[in-house]
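Shared between the two complexes below is chain A, which has chain B as its partner in the first and chain C in the second.
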Partner chain A sequence: MEIAYPVGLVVFAAAIIIGFTALVREKDDLHRILLTDLAEILALVLIALVATDLAEALILPGLVVGISELMAVSEVYIAKEGLRAPQEPPFRIEVMDSAPGILALILVAYGIVLSGFTGGVIAAVGAVFYFMCRGHIEQFELIETVSGYAWAFWIGAFFIFMFLPGYWFFAVMIAGGAILIKVMAKMSLVGTMRGGGPDV
Partner chain B sequence: MFDLPTTNIGGPELFVLEFGDIVAYFSPYTAALFVFALIFTVLAIVSRPERQVDFAFGGDAYYTKEVEANLLRFQRFMAIACGLATLGAMVTGDVFNFTLFASLVGITNIGIVAAYRNRHVLNAAFQYGIVVMLATVPLFGGAAIVLASTGTLSMWELFTGAVAVPLFAKAFLVLGVMGEGMAPFYIAKAEITRAQGAPFVLMVHVSSLLLFLRVIEIVLSM
Partner chain C sequence: MTPEFVLGCIILIVGVIAAGFPRPMTYLGRLISLEIPAFGLLLIMLAYDEMLALLTFIGVTAISTFVLVRAIERKEAAP
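Moving on to the complex of A and B:
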């Protein structure tokens, strides 16, 4: 720890100098978005250098904030440049017609077995794959609603932890299931969100 | 049980709300900021949006701008969310929570500005977004250095004289808040105020003012 932290700080400083120099020299807007995302990872590196359980817990909100900022700026970029969703899918291969149902089912089922954050991500990969192959027209409002309820359950579980610690096992089960659904819903929105309206 | 270690900046604590080891509190200073933010949040909820009129220069002609209802609704939602994030940043007793609320203010500010389909305003919002994303590096970096050097993030511990926070971490924290909440002042203010929706655009300025006052109080107390 005594050696690792200063060395990590030096690497961080070098990385941030490289990143910001690249940002200053870059003129293309899309490339600047990508470079800022790279720079943002450095904030997580700095948190991760602390290397305690608390730091581990702080990385997740940092990551979520970073991703939501990236999505907001990307939406602004899409609106600014007047980009539209492509009319036809960019590529089409045979496996995308035959596989999505069974593959998504397997991934979602395995994700439910894993539960928690990891399970949510695995299940989300299945959902993303399904939407990518089968199109995504109006499932989003349902997904957002489910995600909102799952989040409320998650928070409710934390209130059980705080006020009724005796029922911790019950709360763990609620929190595990709710975070699975919430992470899955949120992740399946990533990459498939295209504004929605014809004006974007 | 809880006594604020330094009372010469924020005053003695008035009210303490304990969530495990995260303890939110009011001092006279933060309570005043909280009430100020609350007033403007309520204003954003109840007020009716303005309708802009452009005058043709040199004549007596004018034309009114059409604003879509759903864009206004989105902007109002973002303004209310911005107000709530500001309220959270005022009461929190934890440095990392403060940085999270600050970046939430940054995101909602982008949302308020971006709800307008003017190319110049969108361009300004984009530049602001780049700065907001870059500012997360010093913001979270400052909180991480505070955690690494003192072992705690609770303001109740950090405000005591026994804990010394490095000047570097304080500078990072202020720099991060300046990038997150205060970018309109130096990048895009002229372009942003060109956007419609008077009470909602106002929230951008209110939140940046309050965030800056709060971070200065935190940094001086540490």
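Moving on to the complex of A and C:
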């Protein structure tokens, strides 16, 4: 295991040189955004090479920062270029009519089993896919409220950890469930960005 | 140096070249090529038993692909 880390670092250095060379030589803005995603993957490789629980703890916020940065940059790009949504969907895929129900059900069920941040993201992928394919007519205030209460439960679970350490399992369950709902509620809003319902 | 780690490193380098210099220089081609280094990263995470990070990365990649496709589809639809 000792030799793996230097080898990994050499591979990482080579990859980052290639990646940033491509980034420097690129002139088109949207291509640059795509290469930003590549740079994010490379940064995660560096963290993954730490190979302990610390790596897992650092990768999760890295992913959150990455996705939020990507969303913000792509929004800024769309606003800057003045791009409009296409009038009719440019493609029709049969699986987008038949699959959403069962696929969303499987992903959400698996996410609930996983619980925590990971489960929230997996369940959110199911919700995003469903909203993207079927449209959405839900109330955003309700999602925001649920998400806020889940956040409060999450903080409350940490107070149980601090003041009543004997009930740690109870607190773990509360924190895992609350962060699941929180992440799923926030991420599923992404699925409504394609339109198809009341204006967001 | 597990086999997963070696394979992950090779796929990572190949994928970075593929995503950095795609042959037909299209947005969609580069977006698809981006999955290759992501797969290399997944194999490296697998070699170190980072299960939570692996699953979260799969989920976030799906969402980020959705965000990027949204930008690309608007760019392609623009005259």
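Following the convention adopted for this analysis, the second predicted complex is superposed on the first by the 150 of 200 C-alpha atoms of A that agree within 3 Å, B and C clash if a C-alpha of one lies under 4 Å from a C-alpha of the other, contacts with A are read in each partner's own complex, and residues count from 1 in each chain.
Assume a residue touches a chain if its C-beta (ideal position, glycine included) is under 8 Å from a C-beta of that chain, and two chains touch if they have at least 3 such contacts.
Bear in mind that the values here come from a model prediction, so they are computed numbers and not experimental data.
Placing chain B and chain C on a common chain A by superposition gives a fit, with no clash between them.
When both complexes are overlaid on chain A, the residue A:70 reaches chain B and chain C alike.
In the superposition on chain A, A:55 makes contact with both chain B and chain C.
Once the two complexes are laid over each other on the shared chain, residue contacts for A:21 go to chain C alone; chain B is not touched.
In the superposed pair of complexes, A:162 makes contact with chain B only, with no contact to chain C.
With both structures placed on the common chain, the touch criterion links A:80 to chain B but leaves chain C unconnected.
Which of chain B and chain C touches more residues of chain A: that partner is C. After superposition on chain A, the vertex angle at the CA centre of chain A, spanning the CA centres of chain B and chain C, is 100 degrees to the nearest 10.
Touch criterion not met for A:94: it reaches neither chain B nor chain C. When the two structures are aligned on the shared chain, A:32 is found in touch with chain B, with no touch to chain C. In the superposition on chain A, contact is made by A:44 with both chain B and chain C.
Shared-chain residue A:141: touches no atom of chain B or chain C. Here the smallest spacing between CA atoms of chain B and those of chain C, following superposition, is 14 Å. In the superposition on chain A, the residues of chain A touched by chain B in one structure and by chain C in the other are 23, 33, 37, 42, 44, 49, 55, 66, 70, 77. Taken together, the chain A residues at the contact with chain C in this complex read 3-4, 7-8, 11, 14-15, 18-19, 21-23, 30-31, 33-35, 37-38, 41-42, 44-45, 48-49, 51, 55-56, 59-60, 63-64, 66-67, 70-71, 74, 77-78, 81, 83-86, 90, 114, 116-118, 121-122, 124-125, 128, 132, 187, 190-191, 193-194. Residues of chain B that touch chain A in their complex: 19-20, 96, 100, 103-104, 106-107, 110-111, 114, 117, 119, 122-123, 125-126, 129-130, 132-134, 136-137, 139-141, 143-145, 147-148, 153.
Interface of chain A with chain B (complex): residues 5, 16, 20, 23, 29, 32-33, 36-37, 39-40, 42-44, 46-47, 49-50, 52, 54-55, 58, 61-62, 65-66, 68-70, 72-73, 75-77, 79-80, 162, 199. Chain C contributes residues 1-2, 5, 9, 12-13, 16-17, 19-21, 25, 27, 30-31, 34, 37-38, 40-41, 44-45, 47-48, 50, 52-53, 55-60, 62-64, 66-68, 70-78 to its touches with chain A in the complex.
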